[in-house]
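Dropping the structures in below, format is structure tokens.
You will see two complexes here that share chain A, one where it goes with chain B and one where it goes with chain C.
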Partner chain A sequence: MNMKHILKILALLVVVAATWITLLETSVVPHHYTWLLPVYLVVSLGCYGLLMVGVGLMLFPTCPQEAVLLQKDIVEAKEFFGRRGVDVGSD
Partner chain B sequence: MELADKAVGFLLTAISISIFVYYTFWVIILPFVEKDHFVHEYFLPQEYAILLPVFAGVALLSFLCVFVGFVMIKSNNKKKSA
Partner chain C sequence: MAKLEEIDTDEYEKIMAANKMKRKKYSIIIPTYNERLNIALVIYLIFKHLQESEFEVIIVDDGSPDGTQDIIKQLQDVYGKDRILLRARPKKLGLGTAYVHGFKHASGDYIIIMDADLSHHPKYLPNFIRKQIQTGASIVTGTRYVRHGGVHGWNLMRKLTSRGANVLAQTLLWPGVSDLTGSFRLYERSAFEDVISSCVSKGYVFQMEIIVRASRKGYHIEEVPITFVDRVYGSSKLGGSEIVQYLKGLVYLLFTT
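Showing the complex of A and B:
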């Protein structure tokens, strides 16, 4: 699974490099615009990373009702062990 | 706390989308607009489209290196004192 991912990324890089070199060689577009392409790709990658971090922070899943249930379970377990003489410490 | 995280996440998303849109417009679309169009007033000359990201990247890299160095020095000191 991981290996495939690396291969995909490598293939993408090769395709981009090939496109860029062809653009440089054939000079369909003026040269100083062609030089902008890798910089543009790097900037897009940075933006994508920032976007993913932002979306992940925004949609971070929390479950407050589960937290309440867990606290209830803890209290119950402490009571149970306290009745049987096991020391589980105070709150 | 949760709300602050959400706000930071929203801020990051907004910043990344606006940078992407602005840069795309600057690099991809602007070369096709005539030289005397009023839109050109809102953008720096084309050379800055390379200079600014390179400068930002170098600044980021140096900051990361300094940060990692500081952390390494700190952990080294802790090991010695312990």
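Showing the complex of A and C:
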């Protein structure tokens, strides 16, 4: 059986947490900066999400011509059924 | 290329028999409720666009009070009871069980599910079929959110919630498909049977559950662009409770798939 998805996410979080703790323990990066890293991470993720939503909204694919084509199809279908006695009057 | 006279009859018959054996049958399952007018239009368009394939349409009507089943019977007179199967149920019993019910009566090698309200246009059916043949995929799902796909009839708010919901679902679930709530899909028979047996959700969360579970199980999934014309303008489908339901569905899928 495949690993459950939630376990994959937890594993990822564990790796991130371990990296953060390592950075805290060693002094590669200044402490006051390291403490705030998780906050930066969450905020960046949030901004990325909002960006994806905004960009997606701007580029949302629309198809107004399809409504027109659909109307043509409906007329064609109604004519077909009118000739064959299928009751397709408006509801 | 051999001239027709040069192929001997035996060889020709073998080729024709092989072709017939390869010819796959498609079962199209359409759940309906009060779709008196739309179902006739959908049937007409299916027969218009699928002239090259062998198929049957299975309509699962949940006791529509508007006479949908009468129209279906008239359609059976036009197209034949062997092409249009009416497998009704006494009342509204849910979408998931409608598919299961339809599947019980399906004789095709492939199962196609689509809506009856013309938001899914049958002209895309050959694209689904061709994609499956070309790639050998187990599942082909229609997506509204890519180039050559699209939506018409949604206002800004609707698009915003759709996009926000999609980004959230992609972040949490990594589903591997761009359109999670779509219900215009083609399944290999065995894949359909396998996945649907493990799904328990209701409504459109059900559509999400199917595709996420299929993705987790490692099925080969391909996408084709589709256009979606929503003629029910200002539909009440996106109230507060719908959003709560969706979030609950996401959490459920996050922990159980």
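Heads up, the rule we're going with is that the second predicted complex is superposed on the first by the 71 of 91 C-alpha atoms of A that agree within 3 Å, B and C clash if a C-alpha of one lies under 4 Å from a C-alpha of the other, contacts with A are read in each partner's own complex, and residues count from 1 in each chain.
In this text, contacts are C-beta pairs under 8 Å (C-beta built on N, C-alpha and C of every residue); 3 or more make two chains touch, one makes a residue touch a chain.
All figures in this text were calculated on a predicted structure; none of them were measured in a lab.
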| item | value |
| --- | --- |
| Chain B or chain C, by number of chain A residues touched | C |
| First, second, both or neither for A:Ser44, with chain B first and chain C second | first |
| First, second, both or neither for A:Phe81, with chain B first and chain C second | second |
| Partner chain(s) touched by A:Val53 [first = chain B, second = chain C, both, neither] | both |
| Which of chain B and chain C A:Leu7 touches, first, second, both or neither | neither |
| Partner chain in contact with A:Ala17 - chain B first, chain C second, else both or neither | neither |
| Partner chain in contact with A:Tyr33 - chain B first, chain C second, else both or neither | first |
| Partner chain(s) touched by A:Cys63 [first = chain B, second = chain C, both, neither] | second |
| On chain A, positions contacted by chain B and by chain C | 53, 56-57, 60, 62 |
| Complex contact set, residues of chain B against chain A | 2, 5-6, 8-17, 19-20, 23-24, 27-28, 31, 46, 49-50, 53-54, 57 |
| Touching residues on chain C, where the partner in the complex is chain A | 36-37, 40-41, 44-45, 66, 70-71, 74-75, 78, 118, 121, 144-153, 156, 159-160, 163-164, 166-168, 171, 173-174, 216-218, 227, 229, 231, 254-257 |
| Of chain A, residues touching chain C in the complex | 2, 4-6, 9, 49, 52-53, 56-57, 60-64, 66-67, 70, 73-74, 76-78, 80-81, 84-88, 90-91 |
| Interfacial residue positions of chain A with respect to chain B in the complex | 32-33, 35-36, 39-40, 42-44, 47-48, 50-51, 53-60, 62 |
